[in-house]
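So, here's a batch of structures to check.
Presented sequentially are two complexes of chain A, the first with chain B as partner and the second with chain C.
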Partner chain A sequence: MALYKTQGPIVVAFLSALIVIVSNFVDAPGLGQLSTDVKSFGAIIAGFALFVGLLGIMQSHVNNVTKRKPLWQYSVLLVAVLVLFIAVGLAYGANSTQFLWIYDTIYGPLTATTYSLLAFWVCSAAYRAFKPRNLESGILVFTGLLTFFGIQPIASVISPIFYNIQSFIMSVPNIAGSRGIVIGIGLGVIGFGLRVLLGWDRSWMGAD
Partner chain B sequence: MAEKKSLIDKIQDLDPKIIYAILLVSLLIPYVRPLGLPIPISPETRAYWDYITHMPPGSVVAVQLASDPSTIPQTRSSHQITILRLFEQDCKVFFFTLRDDAPPLHEEMMKWVEAHLSAGKTITYGVNYVNIGYVADAEATIASLVADVKGLVEQDAYGNSLSSLPMMADINTGADFDLVVWNDGSRGIYMYALRQWREKLGTPLVIIAATINKPGIMNYIQSGQVAGGAFGVDGGAQIETISGYLGDAKKATEPGSLSALTLTILLLVSNTIYISKRFGKQPEIKGGEVK
Partner chain C sequence: MVGLISGKISDFVVLLIFWATLYFSIRTSMSGKLPNLRRLPAIDAIDEALGRAAEMGKTVLFTHGTGTLESSEAAGSLAAIAALPYVARKCAQLELKLFLPTGSHTAYTVLSEVARESYQLEGKPELFDQNNIQYLSNVARAYSAGVMSTLMTQNVGAAVFLGSYHHAGLMLVETANRVGALSVGGTDSTSQIPWFVAGCDYALIGEEIYALGAYLSKDPVSVGGLAGLDIIKALILAVITLGVVLYQVGIDLTGWFRV
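Up next, the complex of A and B:
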């Protein structure tokens, strides 16, 4: 495979990271502006990724429709609403009354409804699955119940002890445990970042 | 012939539809008969509100909105009351969002804010506030914004040149802001502001978020890296209580509270049956009562 395909992306990634990292420690003329420009490139690429995602969704659902895959009718609906949003947004603007009307009547209620249904599913799933099958799951169930219930205003009405227990769990064991996890994640991110920059990990390039 | 299930077994294997019905009833009760529950104020929400109320006039505050229609019911009250209070204190507010579906929510909340300003108080776009709308959701975006605000976006959300707006005359980098209010929704992207703004420049950071993010953010509140936080509907209700502004959060806590109580009772029942079966003690039913 051509060198620019295998090594080119690694060189670009390495140089970009080097500029940003060095600019944090060295106050050289022009380096600060170069670092700012590199960060702006990142922001532009992130914006472009949204467009790529849009193309991917369109391709996937148009494929569903043309090949009459199961539930293809929903794909028709999705593509139709997508095209409607884009057309109205381009014609009237994203802040126009028309665009906001579609948002308030279609997107907003559907998103809120989908999220609200989770409450019922979580309740049913918790009733069936939230059981202490061993010591660790027993501790999880017990502390989870205390935290979940203690945070509610009604718990304070029943007894102030529930709020105090919840507060203690959130402030002490929760923070102790999650701090360890966050430190571990941070170390992992540093390690992974080094592997990417040095070319040892090429999964982000689509390579094995 | 199939073995007849005992009452205990039926309770343990309760049909999900019955659970849904019980939950629905518990959600509806407070709408029929409000309970008037007290709202305890948590230290982190108190710290959040104290920070907002102590912003001096003329302060420049960046407000980021990353809630979407599914999480905005949790964060709306905290967010709009915060903005209202900042305007009442003559602060200048710089709005932006990292969610592509958040700008309409921002416009909706600004209408509420403008309708609730105190008598005689007016806010002018470009002088009191600026909105650059959606920017790409990436840490690089925040890094770029902090390094050079006008370099990242040349126009605001309405097509005006940023440089032409009076408020932006002295705002060039993240260091020109006195506070960052980060509405995280349920995204978990508060680390962008923490790493690129708070830790780099020392700009104070307060967070509004859905309840699900509270355990993670509490780390940073306890360490002092985040000055305070308002979480979920309860956070909104607390903000309404201590600010005195009316909103929907207080009304929403009651159905949430009652449904939480219902779920807790259901879980206690199912776990009691499970544990008693596990340890071989079959509950007996005598005279219609579980013994």
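Up next, the complex of A and C:
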């Protein structure tokens, strides 16, 4: 395979990351501006990638409609709304009252509906998962019930100790556990980043 | 005048120590001294899920979450994409249809190339279908609605959820359970980890998704990197313990990390 295909992306990624990382620690003339420019390049490339993504959406859903695949009617709806948003945005601007009206009338209620489903998903996940099958799961269920009960207004009426227990659980063992996970995640990011930048991990390039 | 920025010198030194530890650990691994890895059940579960989908004549769904490649969540998405070659090649071997919905327009092209090359490497390029790779939306709710639709309409038997998720993670996991798909999930989003553990059949917690690529590929570089990370964690634990003990006797080490 051509060198520019195998090594080129690694060199570009390494140099770009080196400029941004070094600019965070070293104060040198022009380095800050160079770092800002590199980040701008990324934003510009992302804009082109958005265009490619949109073409992919159109191709996929037009294909569904022309071949009358199952639920092709929804593809018609998607393409129609996509074209409507683009047309109104280009004609009147993204901050115009017309565009915002479409956004508030169509998009707002749809996202609120999708988000509201979370309440039901939480209940079904909790019902299925929180069963005391062994000692560890029993401790999990008991602790969860204590925490849940402790924040209820009636718990304070019965005794203030429930709120204190809930506060302790949330502020001590919960924070300790989550901080450990966050530290691990941060280190994982550093290690993964180093492997990618030095070309040791090339899975993102599709290489074997 | 060129110099280190005041207040970040200690950060720079710590970063250099981390990098040096990782580098020497990877070089040791590349010289043949591979460390032993504790096997994670979720990794074996990926093979189980794909085999089950093949037996039942169902499809496979793989998604990297809502993180884009140009944001702070890029690491989680890239870690998920690092596992894609393995999953895609298995799907090619088993002649499974693989759906790759994505919430990132930048990841769309990367997923296309990775999946296409994986099918080509298995000698089955004709099984690769570009239409199965769908850029849905950068907005988490629209993305989750699209993935839920794919789960419910495409007869999915195995679902792999890896990467960064926001509130969308719970919706996807529960939908996978409703359609009877065997789900393997892992995320570095701390708010979603409990729901992945509760909802997925097999779950990876936090940094384990970064190790997934190493486990699947058994590449010496990746395995060495894991060992290096464990050494760094031991160093951090030692420094934290030392700091706590010294603080009790009136010695404050935090000033050392603000130089």
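Assume the second predicted complex is superposed on the first by the 175 of 208 C-alpha atoms of A that agree within 3 Å, B and C clash if a C-alpha of one lies under 4 Å from a C-alpha of the other, contacts with A are read in each partner's own complex, and residues count from 1 in each chain.
One rule holds in what follows: a residue touches a chain if its C-beta (ideal position, glycine included) is under 8 Å from a C-beta of that chain, and two chains touch if they have at least 3 such contacts.
Since we're looking at a predicted model, the values are computed, not measured.
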Which of chain B and chain C A:Phe130 touches, first, second, both or neither:
both
Regarding the shared-chain residue A:Pro173, is it in contact with chain B (first), chain C (second), both, or neither?
neither
Quick one: classify A:Val196 as touching chain B (first), chain C (second), both or neither.
second
Scan A:Ser35 for contacts with chain B and chain C and give back first, second, both or neither.
first
In the overlay, answer first, second, both or neither for which of chain B and chain C A:Asp104 touches.
first
Have a look at where A:Ile57 lands relative to chain B and chain C in the superposition and call it first, second, both or neither.
second
Touch check for A:Phe25: first (chain B), second (chain C), both, or neither?
second
For A:Gly8, is the partner it touches chain B (first), chain C (second), both, or none of the two (neither)?
neither
Do any residues of chain A touch both chain B and chain C, and if so, which are they?
42-43, 45-46, 49-50, 111, 114-115, 124, 126, 128, 130, 178, 182
Residue numbers of chain C touching chain A in their complex, please.
1-5, 8-9, 11-12, 15, 18-19, 22-23, 26, 68, 70, 75, 78-79, 81-85, 105-106, 108-110, 113-114, 116-118, 121, 130-131, 133-136, 139, 141-142, 144-145, 153, 167, 170-171, 173-174, 177, 188, 190, 193, 195, 197-199, 205-207, 209-211, 213, 217, 219, 221-222, 225-226, 228-229, 232-233, 236
Taking the complex as given, what residues does chain A use to touch chain B?
20, 32, 35-36, 39-47, 49-50, 94-95, 99-100, 103-104, 107-109, 111-112, 114-115, 119-120, 123-124, 126-128, 130-132, 141, 145, 148-149, 151-157, 163, 167, 170-171, 174-175, 178-179, 182
Per the touch rule above, chain A residues touching chain C in the complex are 24-29, 42-43, 45-46, 49-50, 52-54, 56-57, 59-60, 63, 70-71, 110-111, 114-115, 117-118, 121-122, 124-126, 128-130, 178, 181-185, 187-196, 200-201, 203-208
Please give the residue numbers of chain B that touch chain A in the complex, ascending.
14, 16, 19-20, 23-24, 35, 37-40, 42, 68-73, 100-101, 103-104, 107-108, 133, 135-138, 140-141, 143-145, 147-148, 151-152, 157-158, 211, 214-216, 218-219, 222, 234, 237, 253-254, 256-261, 263-264, 266-268, 270-271, 274-275
